[in-house]
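Have a look at this one before I ask anything.
Labels for the chains are A, B and C, by order of writing; each one numbers its residues from 1.
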Amino acid sequence: MLSGAEITYVQLFLGALLLGGLYALVAVGLALIFGVMRILNIAHGEFIILSAYITYWLSQTYRLDPLLTIILTIPIASLVGFVTYSAVIRGVTKSFDAPIVSSFGILLILQAGMLIAWSGDPRSIVTPFTADSLVLGPYLLPLVRLIAFVVSVLALTSLHVFLNNTHLGRAVKAVSQDSEAASTLGIPVSRIQSLTFALSTGLAGLAGGLLSLLLSFTPTLGPEYLLKAFVILALSGIGNIPALLIGGLVLSIGETYGSFFLGSGLRNVVAYIMLVLILLLRPAGLFGNLKEREV
Amino acid sequence: MLKVENLTVEYRRDIEILKNVSLIVPENKVTAVIGPNGAGKSTLVKAIAGLIKPKKGSITLDGVRIDGTSADERVKQGVGVVLQRRSVFPQMTVKDNLILGGWRLRGEKKVLEEVLNQVLEMFPDLKQRLDLKAGSLSGGLQRMLEIARAMMSRPKILLMDEPSAGLSPLMVKHVYRQIDILKKNQLTIFLVDQNIRQCMEAADYVYVLELGEVKGGGRKEEISGSLSDLIKVWLYLEQS
Amino acid sequence: MRAIKTALPILLLVVVILLVPIAAADNRFATTLAFIFIIYTTVALSWNIIGGMAGQLNLGHAAFFGVGAYIMAISTGSGLHPYLGVLLGGLAALGLSGAMVPLLRLRGDYFAIGTLSLAEAIKIAILNIHAYGIRVTPDPSLGRFENYYLASAILIATVIITYMILNSRYKLAFYSIRENEKLADVSGINPAKYKIMVLMISAVITGLVGGIYGYNLLYVPAEHVLSIEWTIIPIFMVLIGGRGTLLGPIIGALIYLAVYYVLQFTITETSLLVFGIVLVLAIKFMPNGLVEAVLIKSLGVKRTSII
């Protein structure tokens, strides 16, 4: 028979496990854009939070079932991403880090936009099943977390299949590995890049939608999720979806136990500490040969 | 048949890498461009492939102008290219690399399969290694893969930028043997290389490019004589 | 000739700045405005050193400012002389830059995220300790007048440091690091050394400014001094004016102040929105800043060199 403390630890573990799937989904969008275009979309967190707000707003205004609204949010987020990329990020000079500065500007615009539209008060979505849990022996699996986990894993699996088993997906991989060579095979690199950006924000849309069920959010939450995505990328590299899942789990477990022992205010610090540790322990760089600019 | 007329390519607004280059690449033959380092050979290939925009001039393939289109559009127009540098997709298998070469045919599953089989017949070494990651192949085999992959789009003309670059002499022979096979299959090939001997052996027509200008060209047999003098000059320059 | 072209307006500006409190003795508004200008310009110039010249996009700049203010507040609260507190604030920021050093190993984009995250983490940590900010007891002998001149001194020092770097052998080193770090590395320049150097210089200056700002305000609220606006606004100023130049950030600061004035001196969500939009437009149409855009238009200067 497990003691009370042991049960708590396992309970925490299970909760973290479920959250890890969502975290991996949060990270994959960032990985896609970086892998294909070598751009670090600093506004990635903002797209996620914006999607949470969109889900919130749609379900409130039209009294829709939140799960249904999430499905609606995905194409909306994709469209916003596509427009953003085409209008702002694509045409920008490659000098220094102009695309990053651009995405920083987008971060400001989105964050400010959300603050204006919805103010800084925390919002959340409450559903009939928000408080429900699946009971597994002495453990509780919160239903919303379970849903988030299952949906995330499904999405990630679909993405994996897409990238490896379809022509378009393979083309995306090709562009990420050698865009010039890809163009010589007839692959429309620029269109693929736009598609990838839209795909990435669509995935962010899904993540944000799921997130809106799980916790209360404010417009300034973006950078926090950017950090999470970044740490996971640092752990897992960008080429490998199963690795992202593991990375998501590791982060989630670290955060859960970390905040349990150190206090919930320090959750983000845990993520940052993990980042620094990774940097110190893997001096060869985070993503190996992708770290450096080519000569 | 490829026609290049008065092609001028600039680098950074001041430096002309190619100056009024004109040449003709006859159908079903191998046309080679030789020249010393820095002559602009790679630039020429890239311009024809659509990777570099020329300042002026025109490029016509079978009567259709192809300059002005992007590199990926040019594939539709019948251009295939093998770059000088390593350009396989390293994390993908040999098979996936080839399938990507057939991007143009992606909507037609049966045709794609047929072409894949045909190409694999021409490159048996690759047939044996379909599931290996392209990045793990030796330099020579990667070069083979690049050629095979370019063939997947059934190009009207195959451009090759220094196919022997970075390869051991044995591998160079191997690659040129492959080019021979392609030649026998009546493919139009446009080839630039610094390896003059192999290049000239394979060629039917030869052009000489020096400092961005065409210094002469014609059937290999006709210009062989004057070429050997020219080559002696280059070799001397390179040795000094 | 070019040096004189740059030096003259700056000297003029410095003289004007130094004269403001004396000339406008009764006009608190003018002095306050000038003080804010000094603060912002210095923070912009200090970001310019790491972000403009060395090309490392430090998005955690606000942390230097906030920590400087914070440590100043704590040390002054413990009885130390306020200006000593300011100095300690600068040193604390220097220490913080030490924590950022591991991030320098990262490529520009990762560095950006890493610094952004660090600043966030620090802000949250400090908010957890001091949610409501610290009040600073003023030293009666050190009023706005003295603060103004201390700030001016820091600004002048920063201008001199910037000028020196731009006219030293280091300048090419930084530019080569900015343009192509790997190439710089194999050319014999040690990027790490230079990056650390500018990060630290940038940190100290910003920490000092944070300190004097906090002291002048007599109140250090964590949410404000660590707010991302102390990163965004300097970046905005530098990008608008022109990265990596001396005149650029100063002009950017003047422009910013004009906008600030029009927006009635408050940083609200709307102004953040405006900044975001301007940033996006600026980087798209004037990637090298106003100074260069103007230079090219008026003097027909072609960008033939990286200098």
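Quick note on the criterion: a residue touches a chain if its C-beta (ideal position, glycine included) is under 8 Å from a C-beta of that chain, and two chains touch if they have at least 3 such contacts.
As the structure is a prediction and not an experimental result, all values here were calculated from the model.
When you average the Cα atoms of each chain and compare centres, the chain farthest from chain B turns out to be C. The chain closest to the protein's centre is A, with centres computed as averages of CA atoms. Chain pair with the larger contact count among A-B and A-C is A-C, by C-beta pairs in contact.
Centre-to-centre, using mean CA coordinates, chain B is 53 Å away from chain C.
With each centre defined as the average position of its C-alpha atoms, the distance from chain A to chain B rounds to 43 Å.
A separation of 32 Å divides the Cα centre of chain A from that of chain C.
For chain A in complex with chain C, the residues that touch the partner chain are 34, 38-40, 42, 88, 91-93, 95-98, 100-102, 104-113, 115-116, 223-224, 226-227, 230, 263, 265-266, 268-269, 271-272, 275-276, 279-280, 283, 285-286, 291-295. Taken in their complex, chain C has these residues touching chain A: 55, 57, 59, 99, 102-103, 105-110, 112-114, 116-118, 120-121, 124-125, 127-128, 178, 180-183, 186, 228, 232, 235, 239, 243, 269-270, 272-273, 275-277, 279-280, 283-284, 287-288.
In the complex of the two chains, the chain A residues touching chain B come out as 167, 170-171, 173-174, 177-178, 180-189, 239. For chain B in complex with chain A, the touching residues are 49-51, 70-73, 75-76, 80-81, 83, 87-92, 96, 99-101, 103-104, 106, 149-150, 152-153.
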